Amino acid sequence: MPSKSIRQAINEALRQEMTRDPRVVVIGEDVAGGQGGTGSLDAYGGVLGVTKGLIGEFGASRVIDTPITESAIMGAAAGAAVTGLRPVAELMFCDFLGVCFDQIYNQAAKFRYMFGGKATTPLVIRTMIGGGRSAAAQHSQVLYQMFTMVPGLKCVVPSNAYDAKGLMIQAIRDDDPVVFFEHKLIYDHKSEVPDEAYTIPFGEANLTREGDDVTIVALSRMVHFANEVADRLAKEISCEVVDPRTTSPLDADTILESVEKTGRLVVVDEANPRCSMAADIAALVADRGFDFLKAPIKQVTAPHTPVPFAPALEKLYLPNPDKIETAVRAVMAD
Amino acid sequence: MQLSRDELIRAYRDMRTIRAFEDRVQEEFSAGNIPGFVHLYAGEEASAVGVCMHLSDRDHIASTHRGHGHCIAKGCDVEAMMKELFARQGGLCGGKGGSMHIADLDRGMLGANGIVGGGPPLVCGAALTAKTLGTKDVAVAFTGDGASNQGTTFEAMNLAVVLQLPAIFVFENNRYGEGTGHDYAVGSKDIAGRARGFGLPSVKVDGTDFFAVHEAAREAVDRARGGGGPSAIEVQMQRFYGHHSGDAQLYRAKDEGKRARVDADPLASFRRRVTESGLLPDATFEQIDAEVAARIDGAVAGAKAAPPPPAEALMQDVYISY
Amino acid sequence: MPSKSIRQAINEALRQEMTRDPRVVVIGEDVAGGQGGTGSLDAYGGVLGVTKGLIGEFGASRVIDTPITESAIMGAAAGAAVTGLRPVAELMFCDFLGVCFDQIYNQAAKFRYMFGGKATTPLVIRTMIGGGRSAAAQHSQVLYQMFTMVPGLKCVVPSNAYDAKGLMIQAIRDDDPVVFFEHKLIYDHKSEVPDEAYTIPFGEANLTREGDDVTIVALSRMVHFANEVADRLAKEISCEVVDPRTTSPLDADTILESVEKTGRLVVVDEANPRCSMAADIAALVADRGFDFLKAPIKQVTAPHTPVPFAPALEKLYLPNPDKIETAVRAVMAD
Amino acid sequence: MQLSRDELIRAYRDMRTIRAFEDRVQEEFSAGNIPGFVHLYAGEEASAVGVCMHLSDRDHIASTHRGHGHCIAKGCDVEAMMKELFARQGGLCGGKGGSMHIADLDRGMLGANGIVGGGPPLVCGAALTAKTLGTKDVAVAFTGDGASNQGTTFEAMNLAVVLQLPAIFVFENNRYGEGTGHDYAVGSKDIAGRARGFGLPSVKVDGTDFFAVHEAAREAVDRARGGGGPSAIEVQMQRFYGHHSGDAQLYRAKDEGKRARVDADPLASFRRRVTESGLLPDATFEQIDAEVAARIDGAVAGAKAAPPPPAEALMQDVYISY
């Protein structure tokens, strides 16, 4: 199978779905890039190049550059979705949700329920997450927890290219609003990705490592750190790594089965700790998996601070394999 | 005033239906029969009807918290509406939305909205669908004078101009947003003028004059259908009731609402003009009034007889079912 | 001591602080109500009357009615706070955070950290929460978890009038941004409230019932339900009820001490369940209080749906004493 | 052109400092010495300096992601700025903010902003403080052509008019927001005209002409200080570099940035006019250039010598300490 990066995998998913279904449109700021300029219309393809080339293939009526106007973008995408298109709207960085969240969580997410089941909102919102590039407090956040919280939204947090493609195609074909979180530090991560279209169902976790002693549930980029720790400790401690792939719906069964086997849980989440996915998963297991537990549930998260700019501080801020190893050793010691 | 006899009848019937619906909702709400909050549209009928008469079920509108009039003008079933307000089975949203989220996708009614300024961005989306699929449909955002100051509304106007969308922004200026006067809250004191600054052809019309609204809307709808892009219309009117049913209205001179019923009643002025010019006799109006009254009675009776939603409904429709 | 409602207690706190400190201003939509109208300038005093009378006492330059423009309100309040005022800004219903969240969580909350400690943002945001009035999906939410998540914001969830007054005065005097969540169903709840000004420190929970068998941690209106259950079960099961009063900072020590004593925990939160305060507190105890636990940690929350309009459904949606009793019995059975 | 000799020298020195700072940041960034992202202000100097020359430390400004020029014009220490960009101790924000959040409250600089449209609402707040406390201070929001389309910017303009705040909205129209042209993104194709629709006295000035900016800003600042309320100024200019350092600039004709350095350099035109009219000799300019170059060299050397922030800084300043 050909090896592709996450960036390529998402681009391919978009291209294939746009080809298949004329109702799929891409809308956002500089998703092509260059409208009204003196150069190329395909100048950006999104600030990190994920939608590059689409305007050449599908034209400006389906790859729609907008002003800087996130509320109108999200609202237009939501309104288009309930009236017959299947928009893929880009919220450049998830940090920007604050200027447009209403159209996502009060409008798109609630239509179906508020309207008694009579609205269908096949909307995908693509957005970038994550620290590690010294982009500081307003361009480095991991906010999937704020979306996961919202009934009516599905949330996807792919960790590799194979998943990214299959989950993106699923997202576009899904009849509910889906928020698709792309970690900007792993866009170049490569794995084997079939050329043809395929889907991965939501709510099905992936075991990236099998093991018997400790369950590590990790999200997005954190999956790679968890895998690294599992490999590093393989001779000493047998770690099972669970990548939920979607936080909403969440595959509770796989997590609980794993903890039933291991009796120990570490959750790794790049977000700030309060009301986080780490807390959410820990709470799930503290209820439904309590009887399996042999040790306290440990969370490895960022601290309760904004993301600092200085690389020296950001390094301390982010979860990393060493912190995960410490947590794994702590639950083994208990 | 080039409406056919049938159009005149429809216009009056829709306006009268709105008025009778709202007056009755006020009664039922005061009697404790309707849960939650209701915001009544009485006095503003010419706006919803004058605009929506140009629309088909394929055209979309987004409404506000004050949405009953837009629903009726867009063709929603009044009994299903009444059931929704009463929180009963058979309600337009199965009793899950209520007055503030009443919607009917089949009629192109994208919903009342509990968020001030929530509708205009959505209308850009409906218009984008029309433009992308080449359907010639249009989309209308009804928006209040208060909502005209919300960032989402401004953004929607700009995006509509940038993408040359078949969208129409109708600003229903009923002088107040809750208790705050429009001339205080709109810095420029000119909603249509501000819209013009966004690049939208904009007019200001007297919302007690059905024919003025109808004509302004015709131009805007024709422009949008013809590919000429978005427009704005500021419709000036007064609301007869308070902000919501039960509002003490202390921000208003004591008899302001009452005087509006005399000075600014779009139904009365419609009837006067139409009878004076001999287009329809008084008898027709009386007949419509009677029919409408019976229909509203029936709707209320139907609503009162309907059961509340079943317990299962709580967990249904959060997501689509596979 | 005189008995006062929560509404009166907050009004009194505002009045006293505005008298004491000329830098305290109130800003929001219809916080007076009536600007530009033909009637009274004190027509509303906030839609539920909490700021009633203030304009008469302090004038329109300190009780500032605004257009419907939440981003500008929150931004103006944040900007005023870093430049020398101590604004109390009203976000009428917490549901509206979606149109203005950026100014709260990316601006006000982050100033101090991003600017290396050089900014002080003494801002209070008052906002209403809660279901129970058939106000449906966009006017009934409980979103304190979204704010609690944000480093830099302090979050207050008073359950009674005494606390409301003391916590509001604390909030106004605090040099950090504070979000003050007022549950609209308990505004008329009365308790004894001293006439003079006093403060209650943040991060100190209140034990509203003492008990030995089960700890119930409950927030805002839910405290009253938890108390009811404690009283109802008093002869059978001895419940300790903990009212954290602030979710950020959270008084982890009091919660852990209580669980150390009881060995059992039920958390009651009106929010939707995912990434909620219920999950947050459960996760805290599943880590630091694990060794005390005799039973799974149960959460009593709303389901993962928007708030339905119909009273029949809303009643099923909301947590209530019966649901809490069921959870308490479940943890006792284990 | 009624500036004193000292004012002329200050104006040029500040503009030259910005230019030299940005050219050097470009070098250091390309060499990998500066982490994160930087957005450079070269070509736009006349705007920051022309406006900020009317302000004291008590007046406030809010800036954008492209904030170095505003900092310098507002009097921030360039070595502390450089340290901030290099993420070092002694940086204006202790290395925790970086280019995108550089701020200096002591100089009335409320921060660069990573959120497009983040600044204008904050400026309403600074202006509200001035108005409430009766200080006669003013507040200025620097905003891009792209940011001019954000709802927060529109809301801030309206609120400033409603409350008659001493606020000034400076729209720095450098033709692009990232890769999107201003004439595409601004539906009306007229930022100042749109601001006028909000009720703001608004002018459009040539941002390569320091004196034009200075004069327009003087009027707006005088109006604000005198209690005359808010104003808007659209300053038209070109940016010499890309959107951020490292931008391939494919949305621009190949030599557009390079041509701008020749055709649209506010420093060159300033020097030409001032020397031609005999107000200052060439030697003065050369001396300033040399001084500035030395200052920037010193700032970079200082930054390179400074240590990174200590580990404890991670957990400090989330909240105030008691």
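Letters are used for the chains, namely A, B, C and D, taken in the order the chains are written, and counting of residues starts over at 1 for each.
Going forward, a residue touches a chain if its C-beta (ideal position, glycine included) is under 8 Å from a C-beta of that chain, and two chains touch if they have at least 3 such contacts.
Treat the numbers as computed from the prediction; the structure is a model and nothing was measured.
Distance from chain D peaks, on a Cα-centroid basis, for B.
Averaging Cα coordinates per chain places chain C and chain D 39 Å apart. Averaged C-alpha coordinates put the centre of chain B at 35 Å from the centre of chain C. Each chain gets a centre from the mean of its Cα atoms; for chain B and chain D, those two points are 45 Å apart.
Multi-chain contact residues, meaning those touching two or more other chains, occur in chain A at positions 66-67, 69, 71-72, 95-96, 98-99, 102-103, 106, 110, 113-114, 136-138, 151-152, 303-306, 308-309.
Touching of two or more other chains is recorded for residues 93, 95-97, 101, 113-115, 149-152, 155, 158-159, 162, 184-187, 318 of chain B. If each chain is drawn as a node and touching chains are joined, the picture has every node linked to every other.
Across the complex, chain B is touched by residues 29-30, 33-40, 42-44, 47, 65-72, 95-96, 98-99, 133-139, 303-306, 308-313, 316-317 of chain C. Interface residues of chain B, counted against chain A in their complex, comprise 60, 62, 91-97, 101, 103-106, 110-111, 113-115, 118, 120-133, 139, 151-152, 155-156, 158-159, 162-163, 316-320. Listing the residues of chain A that touch chain C in their complex gives 71, 95-106, 109-110, 113-114, 136-138, 145-146, 148-152, 248, 271-272, 274-280, 282-288, 290-291, 293, 295-299, 303-306, 308-309, 334. Only residues 23, 25, 27, 61-62, 64, 66-67, 69, 71-85, 87, 102-103, 106-107, 110-120, 151-152, 154, 175-176 of chain C touch chain D when the two sit together in their complex. Within the complex formed with chain D, the residues of chain B that make contact are 149-152, 154-155, 157-162, 184-189, 193-200.
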